[in-house]
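The two complexes that follow have subunit A in common; it is paired with subunit B in the first and with subunit C in the second.
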Partner chain A sequence: MNSTNPNDRAEQAEIDASAKWPVLVFFGSAILWLLLGGALQLIASIQLHTPDFLAACPWTTHGRIAPAAQNALVYGWGMNAAFAFGLWLMARLSCTTLRHGGWLFIAAKFWNVGVTLGVLGILGGYSTSFELLEMPRFVTLILLAAYALIGVWGVTTFGIRNTENVYASQWYLFGAAFWFPWLYAIAQIMLFKAPVRGVLQPIVNAWFVHGLYGLWFIPMALAAAYYFLPKILGKPIANYYLAPLAFWWLVGTTAFAGGSRLIGAPVPIWISTLGGAANFLLVVPVVVIALNLFGTLSGRYGALGNSVTLRFILISMVGFVLASAMNFALSIRGFAQVVQFTLLTDLRDWLIFYACFSTAMFGAAYFILPRLTGKEWRSSALVKAHIGTAALGVLLLTVGLAYAGWQQGHLLNDAAVKFGDITQALTFWFTFRSVGLGLLLVGHIAFLINFVWIACPFSSKGTASVEFAPPPTLNFSKKSATEGHA
Partner chain B sequence: MSSSPDKNYRFEQAGASDDSIQQAHAQLQKQKPDKANGYSFLPLGILGLMCSSVFFGSIYLAHYSVRFDPLVTNEHAKREKPGAVVAAAATPAQLGKKVFTSICATCHQLTGQGVPGAFPPLAGSEWVQGSEERIIRIVLHGLNGPITVEGKEFNNAMASLGGVLKDEQIANVLTYVRQEWGNKAPEVKAETVARIRGEVGNHPAPWTAAELLKIGQ
Partner chain C sequence: MKNGLALFLGVFAILGLSWAGLLLGAHKQLGSLGQIKDPVDDTLYPQPISGLADQGRLVYQDLGCVSCHTQQVRHEGFGADIERKWGSRGSYARDYIREKTVFIGQSRLGPDLRNVGGRLGDAATPDDYSDWFYKLLYAPQSVAPGTNMPPHAFLFEVHATAGRQISYQALKLTGKSAPATGYEVVPTARARALVAYLQSLKDTYDYPTERSLNASAPAEHAEEGGHK
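After this line comes the complex of A and B, so read on.
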């Protein structure tokens, strides 16, 4: 299996060719949802400091816009991007073509019709009251059916692999392919089909939300990081023998961590305690994964200057560590007492979803799309704009919202301060968030323009083609690992 | 690698093929790090982290789960099971009551009033609330002949109970009668009973009131 063998090269081109249209459709839909969801998110954010903004029409009131934005981003952008990236990487690492692209097209259509109906349903006032499950009930079946078609190809592709060995990224992709339908179906059944009663509902909801972030989006980001670091650096993952431990420990404990979202809620105390203990145990895999990933990057930070993908992956890795630290901190009762229901709890989910997951998908897209289309990114200025706004946006929003949330929590705990005054006092920070989200949106528009130039059959004619040289073999002896790779 | 600085933004170069990534890592997965000086910190450090996180996680879980009770929503709630009966230590008087009802109440009655003309009362009795030296002797060895209690004459016999009751039981029952029915006298210690039993030694005949009045004045 020497990759300089021309047969292997041809096979890789064959894999990319088989994955081209499904992946482009998923990525294309993802980016459209990213812009739409981002715009809705921006409107919702603006309404918090300018309450009159678009408040006249019921469809655009904050109570509808905010969940619509969250659902559009999570199910529109997040899931589509994860499908695109996951299917491509699974095919590549399983060394087999992506079969039945036609079914994937149909599944992609159904998925996106489902998300469209769901977001419209939320805006039209038919939302349910459960976080990330706000879409009207009938949409669920469309989404689950579409997912079944998508997930089954991910799993089958793994099943018919032509490789002897299985790599870390595949563990996470394969696992996530099962965890999402498990979480989603159980949450739907327990909350809508045969609803559990009273206090059990928020528990199921918290379990689902935490699971979706921790067992779908984080594994996707980790699969990207574990793949692209050795792929681009030409250097194996440091201390790779610890990676299986981190994987099993991570998936084993994350499923129990959801209760930590319910600290202080009138639910049996052991549920939030169990969640806190699980978040405490998660320190082990986070340390191991950080050793794996940062250990690989260490000594090679110079390579960041040559690779957009690596820079996005670095943001994602930092986002992963920060999000895990935030999960841990929010499980501490004393800390949660101050910052619960503030901008800081929003920041936790945003760190997982944007700083960790979304940036990893951007990095993956910059690597994958030129290979699928055989064309290069037309505007390097727009690429720079995207990476620049993403880095700046993540930095500003993390620092700003953490500080603002802390301040907001202290004000909320002070009985002498009126609630209206707190909102007034935080106007600056709500505006700050709008500016940050707007900044990210600018980067996403730059991404879309470049995507159209590289992927759209009509507008990509003027984009220069690119030939990829066959990649060298990965050397993992001590001596060669320290040498640079051309 | 690149002809112009912007080249890096146009597309990404791969540094390793997928095959070689898989093969190399499959080998690395089995391979522990090189042991410089025969000692490697990392596996031990990770093991320590695992153990301590499990240790503290379990303690935290055990401490704040409050028996996994579905009705408890506050981590500072009492940790005992609601309705659990805690075995409280019985007081000497409570233990003495059992002895009294099974033995003494036959003559002195449950009310401690005795039977007029036959058995002297214990409630309000100057003998009961008087010197413990005398009543301990009465219980140990019995009493015979005339006795004046609360200004009334009685002439009857009380059996010796020193062979039937242990020192502690005697102390308990005396404490009970000295603190029941409005009686207010200090409790009797088992050590006192043991001392008197030892001092008197064998005392085949019951005491008489006259004998007792000479003792413990």
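After this line comes the complex of A and C, so read on.
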């Protein structure tokens, strides 16, 4: 599959062909995890308003189901989808084929075995109880080894690029590919291998969690937005010259913002102050990125009707702005004092992970898979069901949980209200959340069915009438690609 | 941006600086935090927890209690933790050095547990209080009406009494949660460890060194430590 001369610029079709099977395997496992994690998340949510639901067995008690769901979604769906998308995009932007697909199969297998063991470990009672690091320790090495095999091809592909310019999406992909293993390995060492004492543990944990969301999932979503907007609209990113500034500023401050999760916690005050200050500084890159992305889209909103990918990317961009605003708000002491430890704090991470990152991956899948398989999406009704439930679910859950968290925070801060009464007051919102998560799950099932149709090598060509705007062809004759236009 | 090396160095520097600045910085400040000897009662605080309680910590960890419960009392003037009687003072970093794993938590779907071992409530004696915990774990609604805490019946065994005298550990349950006649509900070793852990959770000692650091207004009499 490799071109005879590695220095030749590979054609898009050739790149897509080289990436086909690894991407399908990663996306396929990702979608299975999305459904499994979503189902576990729904069970955990139902248990909050119907406490007896599946409570008889220790494997399904709320305290185990909730982290198992979170880990299945983050490491199962999130990471697999990011691998699929990241490897493909890195190959495309580097104008080189994705090599050594066989290793990626092995890596995918190891990664998924690791996540399966991890989730089973949490359900079976081997949880470590550190947020997003709950998987038992023996899983760590499997995941790191699998990641090494995946990340190395991402970086290698970047290393042998046949382009002069390095495009914005590549900065984010390269950065994320580098940051994740370090964040994960350092957190593992400092919490389990040579554990730090006392409240240093929550500090390490907050640093890791914030890094995972801010330096892995958000960069993936931004890489998608920076790529698909100009690609589908056929115009360069607006004010692209500001993009490098936004990149360095965004990642540089995010790396220090982890302490903002510890406002009011028994840790030195400088940690949460530094985190808060970093979150305030994030306003600048968020505004610049919004100028880049919304500026590109402005005047072309009509194109949204023709492209599912574009619509998902738009949700993702809105999710990014909302999540950043939430990070900012939660760094304000007066606001944090009310909403800390409520549903609203959960909403911040959910906005990053679902509204910003996951929707970007959906958009990417709708763009990539027809090109890899040479087929169209079979059922446009299912595509519409997916994007409809995603948009509605994001809207409902954001508004609902924001209001519920605000109310919960005020009740918690009123010592005259008994704790049982707070729970009772929230019962409606717990039910509301179950409905919202159920709605999203329906959309994910629609996505899975369509995926099986398009990915199955034996199924006939799709019949759906989903329109994709023809991508502007890369001009291979000229060496210098225009900045901001991949 | 064209230079791959510059990109790599920048990306590396960002993570390196954040690790060194945040984690190593915090470690330098807190890593060697130790116990403090009270000059009056000649005892080191925080006191280590018992072996049974330490086993209970593992049960707390594996059941994922941290999903819904925090273990941190926010200081006066920041939230209503003190008013809710979740502690007589805000938590200090030093309070946590006795624990191998620290569960400060992120969510208050349930109440804070940092001082749950010190809240006797209606219970007259610590034994009554442990009985309250067993009931809470076995049938939460029986002692905490309105709660959505899931029952943890799998931490208990239901035996037929078969004419024998009822075990001294059997739960005194009434109403809906009571077992059928001729049966008794007895906590397992895991339940006993967990309750021992919960009862060990109390920060009663106020450190003279910390008081001024964390109080919202500077404490006036910060010379000596003492029990509150």
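One rule holds in what follows: the second predicted complex is superposed on the first by the 447 of 486 C-alpha atoms of A that agree within 3 Å, B and C clash if a C-alpha of one lies under 4 Å from a C-alpha of the other, contacts with A are read in each partner's own complex, and residues count from 1 in each chain.
Heads up, the rule we're going with is that a residue touches a chain if its C-beta (ideal position, glycine included) is under 8 Å from a C-beta of that chain, and two chains touch if they have at least 3 such contacts.
As the structure is a prediction and not an experimental result, all values here were calculated from the model.
Student: Answer with first, second, both or neither: which of subunit B and subunit C does A:P268 touch in the superposed model?
Tutor: It touches subunit B and subunit C both.
Student: Go through the superposed model and pick first if A:N165 touches only subunit B, second if only subunit C, both, or neither.
Tutor: Both partners, subunit B and subunit C.
Student: After lining up the shared chain so the two structures overlap, which partner does A:G258 touch, if you call subunit B first and subunit C second: first, second, both or neither?
Tutor: Second partner only, subunit C.
Student: Let me test your reading of the model: by the given contact rule, A:F294 touches which partner, first (subunit B), second (subunit C), both or neither?
Tutor: neither
Student: State whether A:R333 touches subunit B only (first), subunit C only (second), both chains, or neither.
Tutor: A:R333: touches subunit B and subunit C.
Student: Would you sort A:P244 into first (subunit B), second (subunit C), both or neither based on which partner it touches?
Tutor: The answer is both, since A:P244 touches subunit B and subunit C.
Student: Considering only touches as defined above, state whether A:E131 meets subunit B (first), subunit C (second), both or neither.
Tutor: In the superposition, A:E131 contacts subunit C only.
Student: With both complexes overlaid on chain A, does A:T309 touch subunit B (first), subunit C (second), both or neither?
Tutor: first
Student: Figure out whether A:Y403 sits in contact with subunit B (first) or subunit C (second), or with both, or with neither.
Tutor: neither
Student: Which positions of subunit A sit in both the subunit B and the subunit C interface?
Tutor: Touching subunit B and subunit C on subunit A: residues 164-166, 244, 265-268, 274, 333.
Student: Per the contact definition, I'd like the list of subunit B residues that touch subunit A in the complex.
Tutor: Going through subunit B, the ones touching subunit A are 1-2, 6, 8-34, 42, 46, 49-50, 53-54, 56-58, 60-61, 64-66, 68-75, 77.
Student: Which residues of subunit A touch subunit C once you look at their complex with the stated criterion?
Tutor: Touching subunit C from subunit A are residues 47-49, 51-52, 55-58, 61-64, 66-67, 122, 125-129, 131, 134, 158-159, 161, 164-166, 171, 174-175, 178-179, 182-183, 186, 190, 195-204, 207, 211, 215, 244, 248, 251-252, 255-256, 258-259, 261, 264-268, 271, 274, 333, 337, 340-342, 345-346, 412-415, 418-421, 423-424, 427, 430.
Student: For the complex, give me every residue of subunit A touching subunit B.
Tutor: 1-3, 8, 12, 92-93, 95, 163-168, 227, 230-237, 239-245, 265-270, 273-274, 276-278, 280-281, 283-284, 287-288, 291, 305-309, 333, 366-367, 370, 376-377, 380, 383-384, 464, 466, 468-476, 478, 485-486
Student: Could you list, by residue number, the parts of subunit C that touch subunit A in their complex?
Tutor: 1-4, 7-8, 10-12, 14-15, 17-19, 21-23, 26-27, 29-31, 33, 60-68, 70, 72, 74-75, 78-80, 83-85, 90-97, 99-111, 140, 144-154, 214
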